[in-house]
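One structure, as structure tokens, below. Some questions next.
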């Protein structure tokens, strides 16, 4: 088996034993954000579209899934599915609008549309506004696995993550993924080759939104509530940071970025308070100026260089 | 008590006036964004944060140095302008050859740094800044009270916007600026120092934001978060108006402020989202924006 | 290669499967009922350290909590250690809730207090119930904590929106302010306060003409106040607190609202009066839970607090102190930190200290105690800094709060 596969299996093994060494709730939070970042990376790293409003999908799925489970009484799996469908639909709506502009305008449009969702959530009665949608029961998986137990829930979340990650991996390495990369590299040439670029972009957007929604709905399940923080533009900025820090355009980059950022926030929140925002901002600035390939990107480049020298 | 469309005239005119005030801020800030974008091709996400810094500097001048409102109106934009120029020289200039998105990301990071630092130092709830003596009180127009300070905001911002438009469109400096935007290499060949112009432009844009901040300080709470909510609306304004012309940005800003104010009268629940809804509609009918040119 | 991958993956699945089976077979270990876990009682103070409510609770609550712990250990010399941790919830339900969950799971915190901000408090109350610890809420106001969201693990200690509403709701309406318009903070606390005050106004013959919601920590109240003016109500009720109340009052003065309409700050504390000054606030009437200048006991304690915090205590500060004392006494009396046992002891013990007179914790978690209807002094009447209140009436505990019979708490057996 090749080195890549081995690497993934090592990570999987770590994931399997992690809850016994690390606080499971923290691990689940990392997994959810890693999924969010991977979904985002599909759009940024592989299609070249910077969306500054992905928190809208994260939050929408969280609220819809929470509402479905708490108020409509849907079983957990169907509740999550409802959330994913909601964010996919929203992704289709926002994507269709945003794709009409390119580059920076695309980013601004996504930001503005996400902010609109934020205000809708603030006012809609079913979300609980500032109080949030609270007390969502975790339910039982397939009717008998009690998810109130943190360990059980952890393996469920891990399974979701692995499945979604595999889906993203396959998408990236498929013909569809190749077209996306072509669009990122040179959109005009892709058009001249006869590809319906708008359709590909929209599809990538919807997929990214749906998986971001899955991440949001799962996170909601872990913490048993959905709040405005999930849909706030700070959340959109954070996922951009995770992807860039980890390395956009790499498969594992977002996972690394998410792990670093979530852990950092967890450790520092008590000690330095609002300086966490300053640190996030500084990491952004440093990454953009000096560290554009991100952690995984730099390691890969280093590795290639070492191999190149040896050859 | 007279009524317009079933709303007491005092409430209607009051909200209209508040709408004009908001519109003035939208106009000033989108103007700054347009000027910077025109020259640097960078969307300055830090614009909102610099607006906040401008307001805070005005407050700090009063609090720590005893410097009043009128000097602060000049001092604060000056300081922020210099800071802007430093940002341009030290950080932004390395990004011109790269994808424009990096500029957005860098300025986003800067916005976070500024917001976080001030939150850390002063907390999230606002500091108050009193209205200067000369401008406090209100004009009793009979059908409504018009607070003097709000009238001043509208006047000052119109003056500044007009002055900027005049410089850019009608003076030689402005002509050089526009030439440098269209064809930097050729302009440089004519002996005009393009990098200097770029730096000064960015500094000017930041100063404009800071001026808006000082103007806002007596009217609303000076808080570290005051810029971030505003900047996103300004982005929507910019998308609606298109960044092709200065006049376009000013008109769009004012217009949207008024529309928002009227929405508050007739349908208050929608007032927070009306600008975004309009943006969505404009995107569907005229993607380049109302005054934009297809690029 | 695919087959190899599959077999390894399947083998890897055995690990969680084994653990799953193990976890089902053996119930999770519980600490023995009659002991104090780790011989340490840990108290968590969850508050707003830097936001719109930071002056009402914040650093002052942490100071009050430390005072309580120090005084208790010095006076009662318990066999167990008492420790405190504190955190800033930033007025976000998710931040507060996650922090408390982490405290319970990884740091062995037994009791959480303050928790001002009703949205946060309701979220924390649920986590507390899930993890079977105790929350003694000294900071939040919403009556939901003892009604819809009541819990056997939560005590609502200091004040609530019902008590706040009834004082001015009755007094101002009866004095001629019979049409009201509300400016409401748009979350659990504001809506709760608006609801309770509306009920009080209507019960006393008044009418509610309308209301407008504003976001928490709003920066600009002008458009909301315009709507209040347009309503032509005689009274504008401010269903908000802390920084929001202060800013609403300032803006109201700027727009000339106070010339024609009466402002009632429904949750006002001495901290807000100090920030606004007597000239602006004289004559205001509202319900308070504590006044430092009430009697010798309150004066002695408050001056000690003042020497540490440099400001006089709000009812949240005094309440946090009293809550911790009550809790620690119950722990020592029962010899355990098991939530149900301690709660039972607390509900069976009357409370009479400098903070609470005729205090009793009811079945639904509500702590009844005497409240005060206060009026702000005119500047000429005030003899020293912080001497701001005239006590108009004492509202006895069993009348000030919502009667148990009307409670919507699902736990009460009907």
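As written, the chain order gives the labels A, B and C, with residue 1 at the start of each chain.
Note that in this section contacts are C-beta pairs under 8 Å (C-beta built on N, C-alpha and C of every residue); 3 or more make two chains touch, one makes a residue touch a chain.
Because the structure is predicted, anything quoted here is derived from the model rather than measured.
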- Identify the chain pair joined by the greatest number of C-beta pairs in contact. A-B
- Query: Using each chain's Cα centroid, which is most distant from the centroid of chain C?
  - Reply: B
- Query: How big is the gap, in whole Å, between where the Cα atoms of chain A centre and where those of chain C centre?
  - Reply: 36
- Item | Whole-Å gap separating chain A and chain B, where each centre is the average of the chain's CA atoms | 32
- At what distance in angstrom does the C-alpha mean of chain C lie from that of chain B? 40
- Message: Counting only residues that touch at least two other chains, what does the list for chain A look like?
- Response: 122, 273-274
- Contacts with two or more other chains, residues of chain B listed in rising order: 119
- Message: Among all residues of chain C, which ones touch two or more of the remaining chains?
- Response: 50
- Note on the structure: Per the touch rule above, chain A residues touching chain B in the complex are 50, 52, 97-98, 100-101, 103-105, 107-109, 111-113, 115-116, 119-120, 122-123, 233, 237, 240, 244, 272-285, 288-289, 292
- Query: Which of the residues in chain C come into contact with chain A in the complex?
  - Reply: 1, 4-5, 8-9, 12, 15-16, 19-20, 23, 49-50, 87-88, 92-95, 97-98, 101-102, 105-106, 118-119, 122-123, 126, 186-188, 215-216
- Interface residues, chain C side, partner chain B - complex: 50-52, 54, 90, 212, 217, 219-220, 222-223, 226-227, 229-230, 242-243, 247, 250, 254-256
- Query: In their complex, what parts of chain B are in touch with chain C?
  - Reply: 7-8, 10-11, 14-15, 18, 119, 123-126, 128, 131, 138, 145, 147, 219-221, 223, 225-226, 261, 264, 268
- Inside the complex, what are the residues of chain B that reach chain A? 43, 91, 94-95, 99-102, 104-106, 108-117, 119-120, 228, 232-233, 235-236, 238-239, 269, 272-273, 276-277, 279-280, 283-284, 287
